[in-house]
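Chains: A, B, C and D, in written order; residue numbering restarts at 1 for each.
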C-alpha cells in the first residue's frame, strides 16, 4: 500500500509540490533492455505543458525532464527509473491570500482538515502540476507496451458543447489547442472558452481515451479488473468526477440486445460487430479497443467571487487571482492517455507473471 | 497485490465459484473487540438474496453465512474473519450449452481467452454470486464504521426510466422489490420490468449509494484518493460500466460558479450550501454525505438470441436459458452499499494510522 | 498489505484458530491449467501431522484437506484456491487455566497486550496449528515450480546435538521421526528427547531447507531480494528466532577469499566450486542450490513451572498441561520446506512478469 | 508490491546507482506536523559516510542530503518526502575491468543473469551506496517514533574476534572507527583490520541493533510479525547472510526453562527477569528492548585474486582494485539502526490503524 504510488509490477510513485524545488517520480518494475531516453518522454510533457494558448494557465515552465537512474547506455536496466523536473516559475507571491482562505471546490480545505497543515503555495501537493509526472511515467509505459499498442485521447465535450462524433478526425486532435477531434467544434469552443475566460469563470469537460492493439486477456478479476484499475487511475486525476467504460452510463438505458456485441468468426479470429463493452468483459480485455471517458469539473480557482470561509473561521468572499486554466479538462487529455498507458503496462506484466 | 482482494488495513479476499461447494471471504485487519455475530451479517445477505420477486433470478438459496474464525465469545479478536456460505441450489445441468458457447457481453469469453480454461457452471468465478461475500464483508465494515456512519443505496433508474428525485422517500426503498425511493415510479417499473422479463430480454439500471456521517479527512491522496478507491470498488461489481461522484458527469457542463459548493460558518462549524462535490474534495472527505452512482449494464444472459461463436470456432446463435436476473441492477443495490462501507472502513483505519 | 497474507503474485492468506471450527487458506494468483488434487497436498500434511510419534504433540487429527474453489475438472483455473481443514480434536477443556495465565515465552501475553482480547483455546490464532495451511499452500507452490525444482528439509540440530554433515543421507530423513539426515544421530536424539519429554521440559532445534534446480535470476532487488523474502517467510514460522542463508553467521568470521565461491566455465555454463552464498547473490538466485537454516526455540508450553503473571495482575507459577511438542522444531521441517516453496513460486511469477 | 520499496504505512522507496548523477528516496505516509529539517538527517548520514578512517572505503563524498518535498515551513505535511543526495566522486575509470568480469560473491553476476544488462560502474544499483538513503529514511523514522524510543547499534564481532559483553560501554561506540562498544576490543580490531586491509583481503562482521522504549503491541501476526519484518529489512542490507532476534540461534540449544523469560508484577506493570526473546513474542513487541543481530559477509571486492569468469565466457582471475571497505560490516551499523527504525515506525502506524 502506498498513498502516492499506483500499479503493482509497473509501479509509479510521484512526489513534489507545485512550488517546491522540483517534482519527480520513481518507476519501479520496468522491464530491462528497453531503449529509453529523454526524447521518448519530453514530447508528451510538451503536449501537457501550460502556457501554450490563452486557454490554459499562463504559468510558463519548460518542464524539462531528467532521467536520474535506471537507464544505462540508453537501455533500461530493470532498476528504478527516477525522473525529475525542476520547478522554475513559481511566483509564489501570487498566492498570498490563498494561504488563509479556502476556495470552494478545492482540495485546500480537505488537506487542512486531514493533515492540520498544508503547503498552500499554488495548491502544493494537490496542484495539477503533479500530473506532469503521470505524463512522464505514461511515456515509459508506452515503451513497455511497445508499438502494437497505440493510445490516444481527445476532448469530446467542453461545458455543454459536445462534439459530433461523425466528424471525428484523429489528425485534427493535434491541430487545435483543445485536443478536439471535430474540426467544426473548434471555432465554437474557441469562442465559448474565450468568453468563459474573460468573464473570470471556468468550465468542465469530458475526455475520451482509447487504447488500440491491447492483447486479449489483460485484467485480473475480481478486484484487479482492468476496468476497475482504469476507473481508479482516471478518477485519481485532479478534478475528475466520473469515469465510464465503453458505452458507460448509456448502458443503463439499454436492453440486453442493445448492449450485446455480436460476434462471428473471421477465419480463426473472433470478430465483434460493435464495441459497447469498450473492450473489456468481466474485467478482462477482449482484444477490441479499450475505451474510457472521464468528466472533469470546472476549475475551482476563478475570478468569480464565491462565499467561503477562512482559517480564522470567518465568512469571506473568495476570488482567486493568479494564473489558472479556464478549462482544466483540456490539459487532462495527455494525462488521461498516460494513466491508461500505465494501467495497461502494469496489467501486461501481471498477466505475463501469472499466465506466462 | 492480490487479484481477489481489496482494501489495505481493512482487507477483504473472496473465493469461490457459482457452482462449487461454497463461497467465502477472509476479512483481515478488522479492529479487535467489536461485537459481531451472524445476526449482524445475515440481514444484509437477505436483502441481496435471489428469488425474492419475479424480477430477480429464481435460484433459491438460503445464503446462510457462517463465521469460521476471528470472533471469540461474540467479539472480534483482530485476527482474520473467515465467512463461508455453502452453495445449495446449483442445478448445474441448466448450463450444459454454456460450456461450449460464449454469450456476447459475458465474461465467459474473456476468462477463456485469459486462462485457457474456465469453470463454465453458472459463470464460475465471474458469477454475480460472488457479490454475496461483498455484502457479508460490508456488514462487518459497517460495524467498524460504527453507528455514526449510515450507508444507504437506492435504484434511481431502470432502463430509460429515472426516478423523480423530488419524490425521494427513503422508507419506500425497503417497501418494493426494486429498492426504489420514488413510490410513483414503482408501478411503472413493475410493468416495464414485467414486459422485459416476459420478452426474454434484460435491461440496465443506475444505483445511487450515499454514506452519511463520514468524518472529514478520509482519503489518501494522490493515488489512494477516497473517490479513486470508491470508483475501483464500484467498477469491480459485475456488469458495472460507469461510476460517478457527486454531480459526476453533469459537472462537465457546469461553470465554476455552478460547481462550487459555497461555505459559511455556523458557529465553529463549516456549513456547505450544496454538495455538488459528493462529499469529496482532492480525494479527501469533507464531512458532507459521500454520494456515488454507478451504471449497471443489462444482463448478458437472456432468452433473446444473439449471434456469437463457440469453443470450436463456429458461428452460433446464443440463447441463455436457466434462471437469470432481468435487471441485475436491482440486486446491485446492497452490493454497492457494501463496497462503499468497505472502502470507508479501510480509509478510516488508514487515516487513523497516518494521522492518529 | 495484509497481516495474514504473504507473497505477491503467488499470494497466500491463512485464517483460523486452533480450536475454532476449521482452519483454511486462500491461494491467489496460481497459474491456470496446472493439474491439482487433494492427492498433491495431503502427503505433505501427513508429514507435518501431530501424533505420529511420542516426540510430537499427542493431539490427533486426520487433517484432511478439502479444495473448495479454484480447481475445475482437475486443473487450476487461475482463480483463488480455497483450502479448508476441519478441526476435529480440540478438547478445549485442557486449556482452562491458560485462559487467565500467561506462559512466559508465549504469544498469549502479546496478543492480549495488542488486541485486549485473545482466543486462549489452544493458543488460538498463535497456535502452530496454523502452519498446516502453510504446508498445504506449499504443496500447491511445488506444483507451480514444477518438477525441475526440488525442495527438501532436515533437522540438523536438536538442543545441543548437531548432526555430523559427513553422514548426510537424504533417504534417512523420512526413516525417523525427527527428519534427521544422519543415521548415527537418530538414537542419540531419541534418547535425549525422551528424557526432555519425561522431565516435562522442551528443547530447541535447527532446521535446514534446500531448493535444488532453482533457475538463476529469481529475486527482486533491493527490498524484495530472494533472501530477504526467505528470511521473512521462515522468521514468520512459530518459535523461529534466527534465519541464515548459505554459510550465514559463519561468514562473519570469514575472510574474503574464504567466502568467495570461485567460478569457472564448463562448456557454456558457469560452474561454482563452492556454495558459501547459499545460491543467492545480491538478492538474486545464482542457479546453485538455495540453502537456508532457521533456529526454533523450545516450546514455551511445558510441565516445568515458571514464574509468571495472570490477567488479574498477580504473580503465579505457570505449568502447562495439555498436549505439546517437546521439540516443535521437528514438525517445523515440512513447514520450512513449504515456506521456501511459496517464496520461490512467487518470485518465479514475479520474475516472469518483469523480465518475461 | 514494489521491488524497491519497503514498509506499508511508513513506506520507503529508494532509487539511484553508485555512479549515476544522484541517489534518492521517497518516504510516503509520514504523519503530518512533525518538525523535520536536514539537520535531523545529516548527522546519521555522517556516521555512515565513507572515507572517515582507513578501515572504510576511501571514496570521499560529502553526502549532503536535500529535502525536495513533503516539508513546509519546517513541518512534515503528510505528503511524500523526497530526499536526494548528489553523487560527486564517482571516478568511474577505476572500474574499467569490472565491466566485463564477475567478482565471485558479488551481485554483478546475478544482475547480469536476471536482467541481461547491468550498470557496472561501482556496482550500479547493487552498490552499498544505496544504503545512504536507508540511513536518511531511518532518520525520518526516528522522528516518527519520537523521543521515547531510542535505537542504537554496535559492531559485536569482526572476523573471529567478538567483543566481551561484560565490557559493553555504549559511549565507547562513537569513540572509535568501528562502532565497537568494548574499549578493550578496539586496539585488537585496529591491528587485525589493518593487516586484513594491507593484505588486500576483507573480513565479515556481526552487528547488533537494539530499540529501547518500544511500546508493547507492535507487530501484525501472522505474516507481518515484527520479527519477520525486521528479518526482511536487515537481510535486505548488502552482504547480510543471517539475522537473529534476541538469543537467536543460541535458543536451539536451550531447554524450555532456559528460554523462558520469567515475569512478575511490579506494581501494575509486568516486569521481565530476562530478555531471551529479544522483546518479541508471537511477532508482537512485549515492551522489552527489541534486540536483533545480523551477520555481514566479507566484501567480495578485494585485491586477492579469485578464479572467475567473464562476459565472454572465459576463465579469468579477478582482482578488484578501486576503493573498497575491508570490512563492510562497520558501516552497516548505522544502516541496521535505520532499518530497525523504519520497521518500527511502520508498525507503530499500522498498530494505530488497526487497534487505535
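What we mean here is this: a contact is a pair of C-beta atoms (placed from the backbone, for glycine too) under 8 Å apart; a residue touches a chain by one contact, two chains touch by 3 or more.
All of these numbers come straight from a predicted model, not from anything done at the bench.
Visitor: Identify the chains adjacent to both chain A and chain B in the sense defined at the top.
Guide: Expected: C, D.
Visitor: Once chain C is fitted to chain D on CA atoms, what angle does the rotation have, in steps of 5 degrees?
Guide: Fitting chain C to chain D on C-alpha atoms yields 180 degrees.
Visitor: With centres defined as the mean C-alpha position, give me the chain C-chain D separation in Å.
Guide: One centre to the other, that is 26 Å.
Visitor: Measuring centre to centre with CA averages, how many angstrom lie between chain B and chain D?
Guide: That gives a centre separation of 46 Å.
Visitor: Using mean CA coordinates as chain centres, what's the gap between chain B and chain C in Å?
Guide: Once rounded, the distance between the two centres reads 39 Å.
Visitor: Check each residue of chain B and list the ones that touch at least two other chains.
Guide: 1-5, 8-9, 14, 29, 32, 78-79, 111, 114-116, 125, 221, 350, 354-355
Visitor: Using the touch definition up top, name the residues of chain C that touch chain B in the complex.
Guide: Where chain C meets chain B, its residues are 1-5, 8-9, 11, 13-17, 20-24, 26, 28-29, 32-33, 66, 68-70, 72, 75, 77-82, 111, 114-119, 124-125.
Visitor: Which stretch or stretches of chain A touch chain B in the complex?
Guide: Checking each residue of chain A against chain B gives 1-6, 8-9, 14, 102, 104-111, 113-116, 125-126, 130, 157, 159-160, 196, 201-206, 216-225, 227-236, 238, 241-265, 268, 270, 273, 276-278, 280-287, 295-300, 302, 304, 306-309, 313-315, 329, 350-351, 354-355.
Visitor: State the interface residues of chain B toward chain D in the complex, per the touch definition above.
Guide: 1, 8-9, 29-32, 78-79, 221, 349-350, 352-356
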